[in-house]
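Before we start, here is the structure in question, set down as structure tokens.
Per-chain residue numbering starts at 1, and chain names A, B, C and D are given in the order in which the chains are listed.
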Amino acid sequence: MAYTTFESEISVRPDDIDMNNHVHNARYLDYVLAARYDQMRSCYGMSMEQFIERGLGWVVNTCFIQFKRPLAMGDTLRVRTCIGDVGSTHAKVDFQILKKSNGKLAADGYFDYTLINAATGRAEKLPQDVIDMYSI
Amino acid sequence: MAYTTFESEISVRPDDIDMNNHVHNARYLDYVLAARYDQMRSCYGMSMEQFIERGLGWVVNTCFIQFKRPLAMGDTLRVRTCIGDVGSTHAKVDFQILKKSNGKLAADGYFDYTLINAATGRAEKLPQDVIDMYSI
Amino acid sequence: MAYTTFESEISVRPDDIDMNNHVHNARYLDYVLAARYDQMRSCYGMSMEQFIERGLGWVVNTCFIQFKRPLAMGDTLRVRTCIGDVGSTHAKVDFQILKKSNGKLAADGYFDYTLINAATGRAEKLPQDVIDMYSI
Amino acid sequence: MAYTTFESEISVRPDDIDMNNHVHNARYLDYVLAARYDQMRSCYGMSMEQFIERGLGWVVNTCFIQFKRPLAMGDTLRVRTCIGDVGSTHAKVDFQILKKSNGKLAADGYFDYTLINAATGRAEKLPQDVIDMYSI
């Protein structure tokens, strides 16, 4: 099964820059999070808010990032994400962050998300409509 | 009416440092917020969590900061706050941030907080026990 | 003397949202900073990087913010800034943050910046070309 | 070769809390970074500042985190790090974040750091005194 890759554009903000004059490592997680929010709403047809309305939530259980090239002030990024795997209670999302100006890879990796019941905090089986929605 | 000044110690974290190798301006708000949370619980006897349990919340309506001396990696701060004024639906909190190593003033200013009803988001009259609690 | 108001569009990122489900207070400073960087480069014709190349820097000496309406996930902002006053070693910048969807004011206030010599950290007289550049 | 595990205590700040009322995922990277800065100085005998003075720097090339239990407002953490492996131009650091109140594991994983020449940005062979310093 091949899943579709979607892309969001994000601009580096001055407060993302750290003492080394590059984007702070932790902000890469925020860029991927921002891209997922954007793509859930505009590409998958079910926004994070809609998951919350159904009493569901996604929490990260694992995160893996490879930092390839530093990002700097003024950079615009293309953040690509793609479902890597869907399990009974989780979904793995592969990502790539590219520098828009030269198309070069700045970072890649994956986030593995567990679907939870917002009331109990426990893992919840992915409803069939969510599986279908993510199978594009 | 003179109010008591309380103090909390906070250490600069590496992620607080910006591209100029100093603590990022916006983090000063976080230091004051952290000091207030600490002092609400341990000095005033009513934690933010307890306000929330009562269906109340504090939101900042105005913030004023004077940056006097830069803060750097490795600095420990003494964050002093003191009630400056209590009105019918708000409380003004004066603050000072001092560098622990030399006692010098790094920043001062105030936050004016409005008490809100968490359900409606509207301003709420300060209950008498809150006024009493803050009158120390 | 009337100065021109410039505007930059900024989208709220998920990591800007705090425990109250609104944009965290401190992030408003980051939005204004981001707008200034953008406008220095594209509207005033002298980017922050160019100040740095000349051995100069701008540091905030005072910040004043009035929070009018909360900002939330999914909001896009119009951040307007305008020179309020230019002194011998400082420039005051007035700002307004509007919610794009309804044009309503979310926050306003000002930042007062001191021009510094990057090598010494001391206040520096504004060069004439900078005064001219800012007099639009 | 067995390396020593060191521990630093870090308190959650209110601005670390996200819209789900837990510590935001990206802040775990900041906690490990803060622990490493602390331990480089006080346990290994060579602070990040001293690396910088020698024209060296450490950059993260890979980061892996498993989130085990959420962290919340008011939590204090014990951040343990331990050298996992030292290569010719890199050092892998294993970490564990424990909740102080109950000793339970909140997250674990590793950071792989490349030593770079600050002037060129290129990978640099670990000097023998650094290898020795890290071999405790």
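Annotations
Everything below uses one rule, namely that contacts are C-beta pairs under 8 Å (C-beta built on N, C-alpha and C of every residue); 3 or more make two chains touch, one makes a residue touch a chain.
All of these numbers come straight from a predicted model, not from anything done at the bench.
Between C-D and A-D, more C-beta contact pairs join the chains of A-D. Farthest from subunit D, judged by the mean position of CA atoms in each chain, is C.
Each chain gets a centre from the mean of its Cα atoms; for subunit A and subunit D, those two points are 24 Å apart. Averaged C-alpha coordinates put the centre of subunit C at 34 Å from the centre of subunit D. Contact of a single residue of subunit D with at least two other chains is seen at positions 14-15, 26, 30, 33, 73.
In the complex of the two chains, the subunit A residues touching subunit D come out as 20, 25-27, 29-30, 33, 57, 59-67, 70, 121. Across the complex, subunit D meets subunit B through its residues 10, 13-15, 30, 33-34, 37, 41, 48-49, 73-74. Residues 14-15, 17-19, 21, 24, 26, 73 of subunit A touch subunit B in their complex.
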